[in-house]
Each structure stands twice: as C-alpha cells, then as structure tokens.
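Presented below are the structures under discussion, each in the form of structure tokens.
The following pair of complexes shares a single chain, chain A, combined with chain B in the former and chain C in the latter.
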Partner chain A sequence: MRLFWNITLGGVAEGMIFASVALGLVLIFRATNVINFAQGAMAMLTTFIAFSVFGKGVGYWPAFVVALACGLFLGGLVQLVLIRPVQNKPPLNAVIVTFGLLILLEGLAGAVWGNSNRGFPAAFSQSGLVIGHTAIAFSHFDIFIVVAVLVLVVLVAALFRFTTLGLRMRAAAFAPEAARLLGVKVSWLLTLGWSFAAVAGALAGLLVAPTSVFSPTFMDLILVYAFTAAVIGGLDSPVGAVIGGLVTGLALAYVGGYLGGALEPIGALVMLIVVLMIRPEGLFARPTARRV
Partner chain B sequence: MLEVSELSVSFGAVSALKGVSLQARTGSITAVLGANGAGKTTLLRAISGLVKAHAGSVRYDKHELVGMSVERIVRAGVSHVPEGGSVIAEMTVAENLQLGAVWRYGRRERQRRIGEIYEIFPALATRAKQHASTLSGGERQMLAIGRALVSRPSLLLLDEPSLGLAPLVTAGLMAVLADLSKGGEITTVLVEQNARSALSIASWAVVLNLGTVVVSDSADAVAGDADLRHHFLGF
Partner chain C sequence: MIKLRLPGWARLPRQPMLRHLLFGALGALFFYLLSNSLSSFNNFQLGEVAVYAIAIAGLSVLTGVNGQISLGQGAFLAVGAYTIGELEVHQSINLVFQLLIAVAVSAAVGFIIAVPATRLRGPYLAGMTLLLALALPFLSDKYSSFFGGDQGLITLPPDAPGSIDPQKWLTWIQLLCALIVLVLLGNLLSSRFGRSFRAVRDNEVAASLAGVHVARTKVIAFVISAACAGLSGALLVLSTGVVNTGEFPLSLSIYILAGMVLGGAGTLTGAWWGAILVVYLPNQWSQSLANAFHANHLVGANLAVIVFGAVLIIVMLLAPAGVQGGLRWLGHRLVTVSTVTKLGSNISVALQDQPASKQDRGGPDSETAATSVD
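Right after this comes the complex of A and B.
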C-alpha cells in the first residue's frame, strides 16, 4: 500500500509539471491554432538562462524571476518574428516553423552551454518528507511544484474569467474578425498569448530541471507527455490541460512504478492513441465544431 | 457624413466594386440594395477596413478610412455588424455586450451603457447570463446590433440584419432601427436583400449591380420606380 501512495504522490507532482506545459500548449493553440512544438525548447532556453544567472551567485529567486521574464519576452518575440508571417498560411507551415525553432534552440543551447548533463538547483529540499516515522516519496520541492502550478492555473483562470484583458483574449481566440470589429487589437493579443504560454513553459522548466538530468534536450520527453495531457484535455480547454496533466502524470507514474520506468514513454503513446480513437476531441473541448 | 468616392475592390482577377460612389447623410438611414454578388457586403467590409480598397476613398468625419486599420476605424466611431451578426457563441450575452464597450468605457460607464441596450432590447436582459449560442436568430441579431451600439458609434453599418428572420421579427427590428435613427445622432448604412422592409425605414437608397451603382435616389423614388424594382430588387 505504501508503494501505491508513494507512486501516486510522485504522479501528482509530475502531473502538475505536465499541466503547466500543457497549459502553454493550450493557450497557444486556442489563440492561434498552432501546436507549438518548440514549447519545451523555449522552456529549456529560459531555464539555461536562469542557470547562468544563478551561476553569478545572485541566489535562486532572482534567477527564477529572470527565467519567467525571459519566457514573457521570448514567447512574444517568437510570435512576432516567426509565427505572424505564417499565420494566414496553411497550418502545416506554422507547425514546421515551430519544429525548426525546436532544433535551432537545442543546437544553440548546446553551442553555448555544452551538451553535457548538469545539475540544476532546487528551491527547496528534495528529500522525502517524514510523516510520523515513515518517509514518503514527496518532498518540500514537490509541494512547491504543486503550489506553483496551482498559482499559475488560478492566475490564468482569473485572467480569463474576471478581467477585460481576458475577455478580449478570448474574443481574439474565438472570433478574431468579430473582435477586430469591436475595437479589439487582435494581433497584439495573440502576441501576448504566446508570451503568457512561454511563461507557463518557463515555470515548468524550472520545476523539471532539478528532478532530471539537465541538458539541452531535457524538456523533449516532457513535451511529449504534456502534448498527451493537452490532447486528453481537448487542446483548447485550460481546465482540460490541468486535468489532462494530472491524469497523464498519474498514469505514467503507475506504469513506471509497477511495470518499469522504461515503459513510461510507451504508456504515454498508448494513452494518446486510446484518447484519439475513443474521444478525438478530448474530454473538455468546446462543444462547437472547429477546424483542427 | 459618409462619402464614398470611386471605391474599387478586387479579389484576384474578380472586381467586386468598380468605382462606387455614394453618400450617407448624417443622422439618416441609407439603404444599399441589390442582388447577391452586387457588392453590398464588400462595400461595408471596405468601409470598415476588413478588405483593402485598391482605389478610391472613404471619407468619414474628417478621417480618410482607406488605409486605416480596422481597430482605428472602430475608434473613429464606425460600428460594423457583419452578416449573420457574428455574436461570439462561446460567451454570454453580457460578455458579448461588455466586449463592444471595452475599448471605450471604464467599468461603471460600461454597465450604464449596457443597461441602456437592455432597454432597447428587453429580451436580452432576461438572457444576460446565458451563452449566446442558446439565443434564437432574432435574439442573436439584437445582440449583434446591441453590441455594436454599446460604444455609441456615430456610423452604424448593418449587413443583412433581416437574414433568416421571421417577417414579424424583421418588422420589429426595423422599427427599432427607425427609432434609433430618430435622434439624428447616428448615421446608418443598411445593406439588405429584403428591399421592401429596408425602403420602409430608409430615407435614401443606393442600388448596386455587379459592383457598380445603378441608382442613388430618395427611398420613396426608388420604391416608386416599378422598372427598377422589377429588375434589381425583386418585388
């Protein structure tokens, strides 16, 4: 039984990380109808920048803030420079552009920081908590992961539900032409959507890096899992992204815990196939039809 | 005063508008009539900046609209209700109305304006919290027009507001449009295939055919010209 709870707790922490990357994918997909395959690579870059800042001896939190700020900037820059020119072209063009960016960023990071595996600092202790006299596989850092992603999710939900900025962003995503006729500056909001998505990614990078080997490709597998999570959630539902992230995290934890860690990627692909066969629109997609 | 002169728009090799000139007097309703493909919708889309004109000009209130962005044209006081209304189905009625006023008013003034829209279209008030996807065709059109009015535009461009509506609903809508125009503060350009009901409330009428202006005259004169009605208006 203890094994089960330990695996479950680990799955929750992992799932929250997938949720934050999936949230980034969803924010971009519903705003611009593009799957951003460079989402992980962009997070990798901001995490490496944080790594360099941290190396200057400024402490963890300034590096943390720098990574999020770089995400904000990088997301907007990518949308303006790379995505906007292909926005009204066939959707495949944008997909290829994001793939190209993935390769470019990983190559660039390799050239600047090297391809060796490094260690990335964690904000809090990573040794398991002790409850009573039993050590469990859930650390202070895992608590931080869960709290940080929950804060992100609440902020995104509040943005969309309670602010006029969120209202305009939703309008820009749902009905760009109608939104423009109501004075909404759609193109600017799409840029902002990419920025917010990249911040979600940057947060994920900071949360993943201490728990895995830290190299220019460290987000690749996370992106595959997050993509699974986003598809389960329906690709354009922020709530779905979070629940999809948790489902994916738990499922992979059980596969890894009971069947062996090497099977995790296969487990993700099986889930992806099953969801696409049974409910291709995902669990939380909007009811209205839409081109994919 | 809206003054369109020698406006031309083409899509690839097809010219949709060939040197169209017309005027819409301040505070009046100008009907733009004609068959399918006459260029009515393109004319409105060119005025509001959704399509680029390759020649000609659109003067409105000291602004030259050709070359301005859609968002800036909205800020010059132009509200365009496209065909079908394009209410945002995923949002509630109240959110759709909010959206119409966000660029112009702060929270309190926005609520006041939305309250005024509910007075014009009481049916919307009872459905404020419902998703726009649950509205009937007539209610959607009311929402689209209400949403366009929240920001107090001085020029209202309406594209086929009666499309798909029952005759009684159309009559109600036309009565509201006539009422709105009575204050003399809002200039309306009303594109309609339903020429009869448009002419009943318009003071001027422009008939388009294949991208050119056939007639531009008072609504009464157009309605009284049997030949014109027979050839271009179908009634």
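Right after this comes the complex of A and C.
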C-alpha cells in the first residue's frame, strides 16, 4: 500500500510538469492552430541558459528568473520570425518548421554545452519528506513543483478571465476577423500568446531538469507525454490540459511503478491510441463543426 | 501549355506504366555503370543512398501527395530492421521472403498507428509518430533477451554468386529494390489511388463528396509510407551488419524528413537528392565543414543536426517545393522561353501557359486559377 501511495505522489508531481508543458501546447494550438513541437526544445534552451547563469555563482533564483525571461523573449521571437511566415500556408508547413526548430535548438545546445548528461540544481531538498516515522517519496522540491504549476495555472486562468488583455487574446484566438474589426491587434496578441506559452515551457524545464538527466534531449519525452496529455484533455482546452496532465502523470507513474520504467513511453502510446479510438475529440474539448 | 514538338520516336511513352519502366531501366543502367566504376566503400555509400531514397520516397508520398506527416519514420525503419534480425536469428529463409516479411510487419505496425490517428484532422499523426519513434527503443531495453539488448542482433550480408564483390552485390540489391519501389510508387501515383491521395490532401470534404473514402485513403497512404520505411530499414541493416537501437535514434527520423523536404515533398525523383544529403552530410560533409572552419569537436559532432534543422526551416520558409520543385520550375522556364522565341508571340504563350503551370503545382489555388482564366 505504501508503494501505491508513493507512486501516486510521484505521479502527481510528474503530472503537474506535463500539465505545464501541455498548457503551453494548448495555448498555442488554440490561438494559432499549430502544435509547437519545439515547445520542449525551447524549454531545454532556457534551462541551459539558466544553467550557465547559475554557473556564474549568482544563486538559484536569479537564474530561475532569467530562464523565464528568456522564455518570454524566445517565444515571441520564434512566432515573429518562423511561425508568422507559415501561418497562412498548409498546416503541415508549420509542423515541419517547429520540428526543424526542435532539432536545430538541440543541435545548437549540443554545440555550446555538449551532449553529455549533467546535473541541474534544485531549488529545494529532493530527499523524501518524513511523516511521523515513515519516509515518503515526496520531497520539498515536489511540493515546489506542484505549487509552481498551480500558480501558473491560476495566473493563466486569471489572465483570460479577469483582464482586458486576456479577453482580447481570447477574441483574437476565436474570432480573429471580428476582433480585428473591433480594433484588436490580433497578430501581436498571437506573438504574446507564444511568449506566454514559452514561459510555461521554461518553467517546466526548470522543474524537470533536477529530477532527470540533464542533456539537450531531456525534454523530448516530456514533450510527447505533454502532447498525450493535451490530446486527452482536448487540444483546445486549458482546463483539459491540466487535468490531462495529471491523468497522464498518474497513469505513467503506475505503468512505470508496477510494470517497469521502460514501458512508460509505450504506455503513453497505448493511452493515445485508446483515447483517439474512444473519444477522439478529447475529454474537455468543445465540439467543433468543420467549415467547408 | 505549349510543348516542344519532338519527332514521334523521341517522345516519352504516354502510358505512365511504360514511362516509369523506361525511367527505371535507364536508372538501372546508370547505376550499373556507376557501381562498376566505384570502390567498395563508395559502393557501400551508394547502396545507402538507395536505401534512404526508399524511405524518403515513401514519406514524400505521404506528405507531399496525401498531406499527412510522420515525424517518426525511423521507428518503421527499426521495425523492418529488427524483423530481418529476428528472421536471421531464428531461421534461414530466402532474402526475398525476408524483405517481404519485413515490409509486411512494418505495414502492420503502420496500420495500428494510422487507424486512430487518421480519423481526425490535425496534428495527431505527427504527435503519435514522434511518440512512437521515442518509445520503440525502450521496448528493446525491456525485452532485451528477444531484441538482443544494447548489442542488438547480428545480420549477415547476402551471399554473392560467383566472383562478384559481396559489397557490390549488396549495393545492386539495394539499388534494384529502390528502383522497383520508385517505379511502383510512380505507377501508384498516376492511378486511381494517386488521384484520391491528392483529392484528400486538397480538400477532404470535396474528396468525400466525390466518393473518395477519406479515412481509408489516409490509412492506405500511411501504410504505404510505413512499408517503404520498413523495407529501407531491412536493407539498411544488411549493410551495417547489426541491428540495435543506437542505429535508430530520433535524429534518423529527422534526417529522413529533412531529406524529403529538401528533395521536394511529393516528388519521387527528389528522393534521390534528399538521400544523398542524408548519407553524405552526417558522415563526411559535416566533418570537413567543421574542419574548414576550425570548429571545436562539440560543433563538429552537432553540425549535421544543426544543418538538418536549418534545412527544414529554411526550405519550408523560402522554397517549400524543394530542390526538385526548383529544377522543375527551371525546366518550365527553359521550355517556355524556347517556345516563346520559336513562336515569336508572347501573348498566346502567356495566355495558355498560366493555368497549366498553376495546375501542375496542384494545391488548393488551382481551381480558382482555372476559373479566373475562364
């Protein structure tokens, strides 16, 4: 029974990380109908920048802030330079461009920082908490993961629900023509949306790096798990992304805990196949009519 | 569009099947002469070019003609390769049957992926294939006794008859397979299937109204591309001699995609350009490039990946038709210019040329172009 609870707690922490990457994917997909396959690689790059900043001896939190700021900048830059030119082309072009960016960023990071596995510092202790007299597989850092992602989710929800900017962004995503007629600067809001999504990714990178090997490819699997989470939640639902992240995290934790860690990616693939067979539009997506 | 008037014997046959067979025979002659003049190592690389051309052509049909994308073709190469490995471990059967079984197994895996992913529009197939490429290596870790673990499985090159150099014999087999696949794909694309592939790419609703079974067509296209990748992987391990997961990293899938994009999505001839890049860039060109710029070893090790990433982005942004598209455009211009000088009448050429060249490119704007000229 203790094994079960430990696996569950680990799954919650993993799931929150998937949720933050999935949230980034969904924010971008909702606004620009593009799945950003470079979401993980962009997060990898900002995490490596944080790693270098940390190496200068400035401490953890300045490096943390630098990573998020770089995410903000990188997301906007990518949208402006790479995505805007393919925005009105067939959707495959955008897929290929983001995939090319994924490999380009991994190559660049490998050229600058090397392809070897490193360790990344954690903000808090990673040894398990002790409740009563039993140690559990949930550390201060895991608490930090859950809290940080929850703060992110609340901020995103508040942005969309309570601010004019959020209203404009929703308008730009759902009815770009009408929004443009009403004076909303749609293209700049799309750029801003990519920036916010990249910040969510940068946060995820900082949260994943201490718990896994840290190399230029360390976000690859996280990205496809987050994609699974986003599809389970319905690709255009932020709430679905968070719940899908938790579901995916828990399911993969049980697969890894009971059947062996090597089966986690296969488990994700099976989940994806089953969800697409049974409920292809995801659990939380709005039903959409296809325009002819 | 005005064509150059050639005498009857010099024109290409109008039957697509005959035309493709003619191209295939010319290609076979060319490669036969080429391989006879090459060293053993160069023949090895020529064989690899042929092998990657198969995978790239399959992906080109899927992406350029049918409008779907796979980010994980490397996974299907691995399926074909491991099938050959298992067959060689457990029993000795004829190479032709081994290859056919490898094709069948990878087509079956492709079917399992395609059926759920192709029911929906959107990036599902891209994400699933990416996940597949990342997940398959873990399977061989988990069941290492069956898949041979890190060492992998040993494959033996086929025995060459008589006194033929074994490497040259293998290269011939690989080239022959590539030519057969390209001729078959060429015929397929000029058949009913090819037309329905294009119809689905251009407009799914219109295609289904015209009686095309959209989901089935998408599944068929994906299974074909998976089968090509499986054959490619099977032929690849015959020359490398070993099957292990290190041979099929994610970067392999990216190389194949970049080769397809560079050669020109939807063109079969373009597959050769892409295959040349895939074979020579990671092994030779990147090293000489890094040496030329006195780059450190980290840059040298990552240069191929950087170039492939840059190729994907730059070609997509600047020249989505790729090398073959560029050559075709150049050819069109040359033909047009020569006819213009011949006829001395710009206007008639301009009027007749416009809709034809637009339709050649296909794509959603061909209808509007045709109607606006009418």
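Please note the rule applied: the second predicted complex is superposed on the first by the 288 of 292 C-alpha atoms of A that agree within 3 Å, B and C clash if a C-alpha of one lies under 4 Å from a C-alpha of the other, contacts with A are read in each partner's own complex, and residues count from 1 in each chain.
One rule holds in what follows: a contact is a pair of C-beta atoms (placed from the backbone, for glycine too) under 8 Å apart; a residue touches a chain by one contact, two chains touch by 3 or more.
Values in this document were obtained by computation on a predicted structure and should not be read as measured data.
Asker: So in the superposed three-chain picture, is A:Val65 touching just chain B, just chain C, both, or none of them (first/second/both/neither)?
Answerer: In the superposition, A:Val65 touches no partner, neither chain B nor chain C.
Asker: Which holds for A:Phe227: it touches chain B only (first), chain C only (second), both, or neither?
Answerer: So A:Phe227 only meets chain C here.
Asker: Considering only the touch criterion stated at the top, classify A:Ala175 as touching first (chain B), second (chain C), both, or neither.
Answerer: first
Asker: Determine, under the contact definition given at the top, whether A:Val213 touches first (chain B), second (chain C), both, or neither.
Answerer: In the superposed model, A:Val213 contacts neither chain B nor chain C.
Asker: Classify the contacts of A:Lys185 with the two partner chains as first (chain B alone), second (chain C alone), both, or neither.
Answerer: In the superposition, A:Lys185 contacts chain B only.
Asker: Does chain B (first) or chain C (second) touch A:Val154, or do both, or does neither?
Answerer: A:Val154: touches no partner chain.
Asker: Would you tell me which residues of chain A are touching chain B in their complex?
Answerer: It is residues 164, 167-168, 170-171, 174-175, 177-185, 286-288 of chain A that touch chain B.
Asker: Once bound in the complex, which stretches of chain A touch chain C?
Answerer: Of all residues in chain A, those touching chain C are 29, 34-35, 37, 82, 85-86, 89-93, 95-97, 99-108, 110-112, 114-115, 217, 220-221, 223-224, 227-228, 231, 235, 260, 262-266, 268-269, 272-273, 276-277, 280-281, 290, 292.
Asker: State the interface residues of chain B toward chain A in the complex, per the touch definition above.
Answerer: 48, 50, 70-71, 74-75, 79-82, 86-91, 95, 98-100, 102-104, 133, 147-148, 151
Asker: Can you list the residues on chain C that touch chain A in the complex?
Answerer: Spelled out, the residues of chain C in touch with chain A are 63, 67-69, 71, 112-113, 115-117, 119-124, 126-128, 130-132, 134-135, 138-139, 141-142, 205, 250-251, 254, 257-258, 261, 298-299, 301-306, 308-313, 316-317, 320.
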